[in-house]
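What follows is a pair of complexes built around chain A, which joins chain B in one and chain C in the other.
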Partner chain A sequence: MDTLLVYAYQVAFSFSIFILISLGLAVIFGMMRVINLAQGEFIMLGAYACVVCTAFGLPLWLAVPAAGLIVGLIGIAVERTVIRFLYGRVLDTLLATWGLSLLLVGLVTTLAGPQSQSVPADLGGVSLGGLQVPAYGLVMIGSALAMLVGTYALWRFTNLGLIVRGTMQNPEMARALGTNTSMIYMLTFGFGSALTGLAGALLVPLFGASPTMGLFYIAKAFIAVISGGPWPLLGTLSASGLYGSIDGIVSFAFSSVLGEIAVLLVAILMLRLLPQGITGRLRKGL
Partner chain B sequence: MGWLFSDFRRPAGERPGPVWWSFVVVATAVLLSLPLTLDLAQLLDLSVVFVLALLALSMSFLWGYVGILSFGQTAFFGLGGYVYAVAAMNWGDTTLPFLLGIAIPLAFAALLGVFMVYGKISDIYFSVMTLVITLILNRAMRATSGDQYVIGDVRLNGQNGIPGVPPLQVPWDSSVTLFIDHVYYLSVVLAVLVYVGLRLLLTTPFGRILVGIRENERRIELLGYDARRYKFAAFALSGGIAGLSGTMFAIWGNFVAPEMFGLGQAAEVIIWVIVGGKSTLIGPIVGTGVIQYLTSWLGTQGVGQVTLVLGAILIVFVLLFKDGLVPTLGAAIARVFAGRRESGGGGQ
Partner chain C sequence: MKLSRRQFTKLAGGGLAFASLPATLMKAGLAAEEPIKVGNILDQTGGLNIYSMKQIQAVAMAVDEINEGGGLLGRPLELVFYDAQSNNQLYSQYATQALLRDQVKVIHGGITSSSREVMRPIVQRFGGLLFYNSLYEGGVCDRRHVSTGMVPGQQLDALCPYVVNELGGKKGYILAADYNYGHITAKWLQKYIRDLGGEDLGVEFIPLDVSNFAPIIARIQEAGPDVVWSALVGAAHISFYRQFHATVGKDEIMLAGTTYAVGREQLELTPEEGEGIVIATSFVDDLQTEAAQDFVARFKAYTGEDDFIGEYGEYGYRGVSIWAEAVKKAGSAEPDAVIDALGGVSIEGAGGLYTIDEQTNHNTMNIHIARQGANRRFEIIRSFEQQPPVDTQLVCNLIENPNDTTQYVVEVE
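What follows is the complex of A and B.
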């Protein structure tokens, strides 16, 4: 029973990491079809923003949203200077954002040095069926769910969400109806970046911040969003659930590297069996 | 003077003319006589350009002529290096390991091709999935630092890589090993052979169909060709070439490390090809040389700046010079000589 609980915690934890790192990509790639290879570096920027904010004396629970805001603004700047010119040119977007990713890694290495930095989150442990699990892990699981539900609610139930979804579905029609689609693209990209920055900031107490940390997340994020299929949020959720479980169980039973390899193998198999993604057979939706 | 360039501006399907052939012969002769004037350190720097040019060629063939951008080239490159290293260190002999360094990446590419080409995933997912595979291989190789990760007698050593990879021996006499200048000759010859081979391959019916797939895959299928078979074959072939490059890299440096699979390596290949111009086969070779010398110069300037500059170069070329150096310069020169009579797009 206790082992089962620990497994459940481990799965939920892996699941929440998958959700955190792929939610921003689900918006930017899943909804906007912009392949952003600098996504991992946005996570890194979020982490560094969090480190800097706490260094200025902000408590962690304030530094995390502040980091999200900062990365959101950076995302808007990137959209205006690079991405804007590349809509519809998928491959060029991929290459330019890769250039951006290298540029950001180089920039942060030059400014902050190559060493890893961290922010402590001393929340202690919580007893779960006689076993201690770190309380911060539960905070992460909660935040991941809150961000997912919040994003879903924003797109599904608000007027802005309606306009955004309409713009992504048919930009010409949206423009004909008087929407400033350029602005909507900018805001959506900024929102996706902000989610990514939040994720990076939330990960800092556990994994620290280093210039090349983006590398560790980018593969997982793309796997989750691609296998998710055309429904950005539901697809990402189900793919994160699947890969989170595999990663959690294999990592706990063997090693975290085997967990990652297992995830990759399943992802390739999934692509072969369900090339349209998990939600490929469903009618298009969120 | 315009006729001088017309040979380079032919479409890929046409047979190259005498000017191109004389260019190949002259360039090869010049390159092979360089050891007379260069010292060993310079030769070593130049060898790696041609070793890596093989990798760039494998990518530009697939990307520029078949229209598939595969980041997996880096994976095949690393795999080739590791296969050669492990096999040569276990067996002592190097001929079979050299061949395996080509064959195993080729087989791995074929295996991936079965899943991805025959799975009919779209081009962009193909790019992303090959990138993911490269990353995972890199991470897996990094994690092999313990004593338990041994193939035969060779420890994989994780992040530190495998030092002391044996130099290549002459196949008929294992007591003779290749020295720095021999490795240079071999890499020049291999680069020229692969360049000429790919150029001629593109003039065959097989090559023309590949270019047709790039232009319009649906139309090729409607004409009755199974596009998947051709893409699969091209992918496997380019995997083999990338493996050859990795094998030569291991021989060149006597060393393999997980960085061969890394994102940095993958990015550099893309940058060579983009900067040189992917619509040509000669461009990537030029791009490899330019960027390779640029990075080694930058490397002496400080930490972090290499990736910064490479990233900026990539963004600038994608946004402003999509065709790359060689086609852009070629078109400009041809325009000057042709007296602005006519100007086409990129050259061949």
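What follows is the complex of A and C.
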């Protein structure tokens, strides 16, 4: 029973990391089809925004949403100045966002220095099945779930969500019905960026903030969203669940090296067996 | 990106020293002489730059000080800096470039063992000289390679008995970075722990980009060691100290590190996250000797920065100083002449007396055991005078086999 509980925590923790780093991408790439190679750097910006906010005296639980807001605004600025000219031009977007990622890494290194920084959560550990786990790990798991459910509810049950989904499905028709699609694209990109920034801020207490941290996450985020398939949210959820379980179980039972290998191996198998992604066979949906 | 010495000094904030330099050279009548070129290949950017930043400045400071003092053999030094961007391919490219195009007389540089192993064959092929100013796993037996930093025979020889016998760390759990440094250091740790009557409950190798230590910390708790030995490397691994503090805490299980503080990790953690970690070092800023405090003061004045310098910063200054002493002894800056003169070269450095061991081209130095106390300061617990590189001496004899270029790996059962 105890071992089961420990496994459950490992899986849930890995799962929450996958959800956090890929949810923003699920919106930006999964829904909008924008290949944003600067996604990892948006995570990094969220982490730094959180560090800066706490340096200005904000408590951590306020600094995290503030960081999401800040990165959301940065995302809107990026959409207005770069992305909006490149919709539908996949290769150009790829180059532009890659350049953006290099720029952001350079900028943050220049401003904040190459060292990593952190904000302690000071929650201590809690005992789980005889083992200590960081209480903040539970906060991360809870936040990841809340972000997932919140995003689903926003898209599924609100008017705005309906308009956004309609615009992504058929922008011409949406425009013909009087929707300001340019505005919707901007808001959606901003929302995806905000989710990404929020994730970066949530990672800070256990993983710190450093200018090159985006590199550690970008590949995993794309793997999760791509193998999720055409349903951005359900796909990301199921892919994160799959990879999180593999990573959590294998890393704990054997070693972190094997955990990483197992995730990549399964990702390759998934692309071979389900090239359309986990949700590829399903009718179109969220 | 290649940065000339001048550009670099400007960037490093050593503007004052820079401005006064041409004048000093003129006064000394040196400007007319052809300079001796000194190459420095380190990571100013990329994931491993936490180890290089201070060393880049320290090498520049050592070169500037030598020039202010009249240069070497009546000639000024010219520093050529190459930013290897934490990329081993660039180490190979720049080492070739330094030796062939820029004709440097010595290369100082390399941080990871893999970067050193990339450069060593190139230095060998073109008849150069490499000063590797870094702590590493030991065993390199090569006359064109000089190791000025600690090897396990020095560091662990001091640290392990203290932790195992005096702190009661009988049962150890080893975490090491997943490349040659970590693998060989882990073997040494196992050997020392077992020889002392202790037990190693587990050894784990962690890839350099892993930052989620949750499964590892859970396994550590299941094993229930007295002490966790960390030979972790790089920016991602710093997360371990954060997550360990948030989970188990050092009151439950002690932490001893072979690489901790070397990359100035304690500055990136909160004071609480780092407090209590035990290390063995040949130089920390808190070393209360006149030489150490003088070095710290000069470095701070030179860079205009007020933060922790640490072992790797001092290594850069140490490397250039030892090389300069050997050049004086040889009466020539040509690599082969300097290599012949290196054995027994000795200087009074910031961490005490440094002497190059002729048999191995490694450095005999003082080793200090230190513990991180409050406010990120280190308390020196004990010092060991003049520790020779015993591990490498066991396997390497350059006096008898001058053509040896092997890196020996000591078999540890």
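Here, the second predicted complex is superposed on the first by the 286 of 286 C-alpha atoms of A that agree within 3 Å, B and C clash if a C-alpha of one lies under 4 Å from a C-alpha of the other, contacts with A are read in each partner's own complex, and residues count from 1 in each chain.
Operating definition for what follows: contacts are C-beta pairs under 8 Å (C-beta built on N, C-alpha and C of every residue); 3 or more make two chains touch, one makes a residue touch a chain.
None of the values given here were measured: they were computed from a predicted structure.
A.B. asks: Will chain C clash with chain B on chain A after the two structures are superposed, or do they fit?
C.D. replies: With chain A as the common anchor, chain B and chain C collide in the superposed model.
A.B. asks: Based on the superposed arrangement, let me know which partner A:N180 touches: chain B (first), chain C (second), both, or neither?
C.D. replies: neither
A.B. asks: Now for A:L215: first (chain B), second (chain C), both, or neither, which partner does it touch?
C.D. replies: both
A.B. asks: Mind working out whether A:A267 is in touch with chain B, chain C, both or neither, as first, second, both or neither?
C.D. replies: first
A.B. asks: Would you check which partner chain A:V6 touches, where first means chain B only, second means chain C only, and both and neither mean what they say?
C.D. replies: In the superposed model, A:V6 contacts chain C only, not chain B.
A.B. asks: Per the contact definition in the header, classify A:Q115: touching chain B only (first), chain C only (second), both, or neither.
C.D. replies: The second partner, chain C, only.
A.B. asks: Contact-wise, after the overlay, does A:W98 reach chain B, chain C, both or neither (first, second, both, neither)?
C.D. replies: first
A.B. asks: Thinking of the overlay built on chain A, is A:T158 touched by chain B (first), by chain C (second), by both, or by neither?
C.D. replies: Once the two structures are laid over each other on A, A:T158 reaches no partner at all.
A.B. asks: Does chain B (first) or chain C (second) touch A:Q169, or do both, or does neither?
C.D. replies: Touch status of A:Q169: no partner.
A.B. asks: According to the stated criteria, A:I223 is in contact with first (chain B), second (chain C), both, or neither; which is it?
C.D. replies: Once the two structures are laid over each other on A, A:I223 reaches chain B alone.
A.B. asks: Could you point to the stretch of chain B, among 73-81, 181-189, 253-261 or 325-333, that collides with chain C in the superposition?
C.D. replies: Only 253-261 shows clashing C-alpha atoms.
A.B. asks: Could you pull out which residues of chain A sit against chain B in one structure and against chain C in the other?
C.D. replies: Touching chain B and chain C on chain A: residues 109, 114, 215-216, 255, 257, 260.
A.B. asks: Flag every residue of chain A that touches chain B in the complex, lowest number first.
C.D. replies: Chain A residues touching chain B: 35, 37, 82, 85-86, 90-92, 94-96, 98-110, 113-114, 211, 215-216, 218-219, 222-223, 226, 255, 257, 260-261, 264, 267-269, 271-272, 275.
A.B. asks: State the interface residues of chain C toward chain A in the complex, per the touch definition above.
C.D. replies: 45-47, 49-50, 53, 178, 204-207, 209-212, 214-216, 218-219, 221-222, 235-236, 238-239, 242-243, 245-249, 252, 264, 267-270, 272-273
A.B. asks: Which stretch or stretches of chain B touch chain A in the complex?
C.D. replies: 69, 112, 115-116, 119-121, 123-125, 127-129, 131-133, 135-136, 139-140, 143, 263, 267, 270, 274, 302-316, 318-319, 322
A.B. asks: Using the touch definition up top, name the residues of chain A that touch chain C in the complex.
C.D. replies: 6, 9-10, 13-14, 17, 109, 114-118, 120-121, 123-125, 131-137, 205-208, 210, 212-213, 215-216, 248, 251-252, 255-257, 259-260
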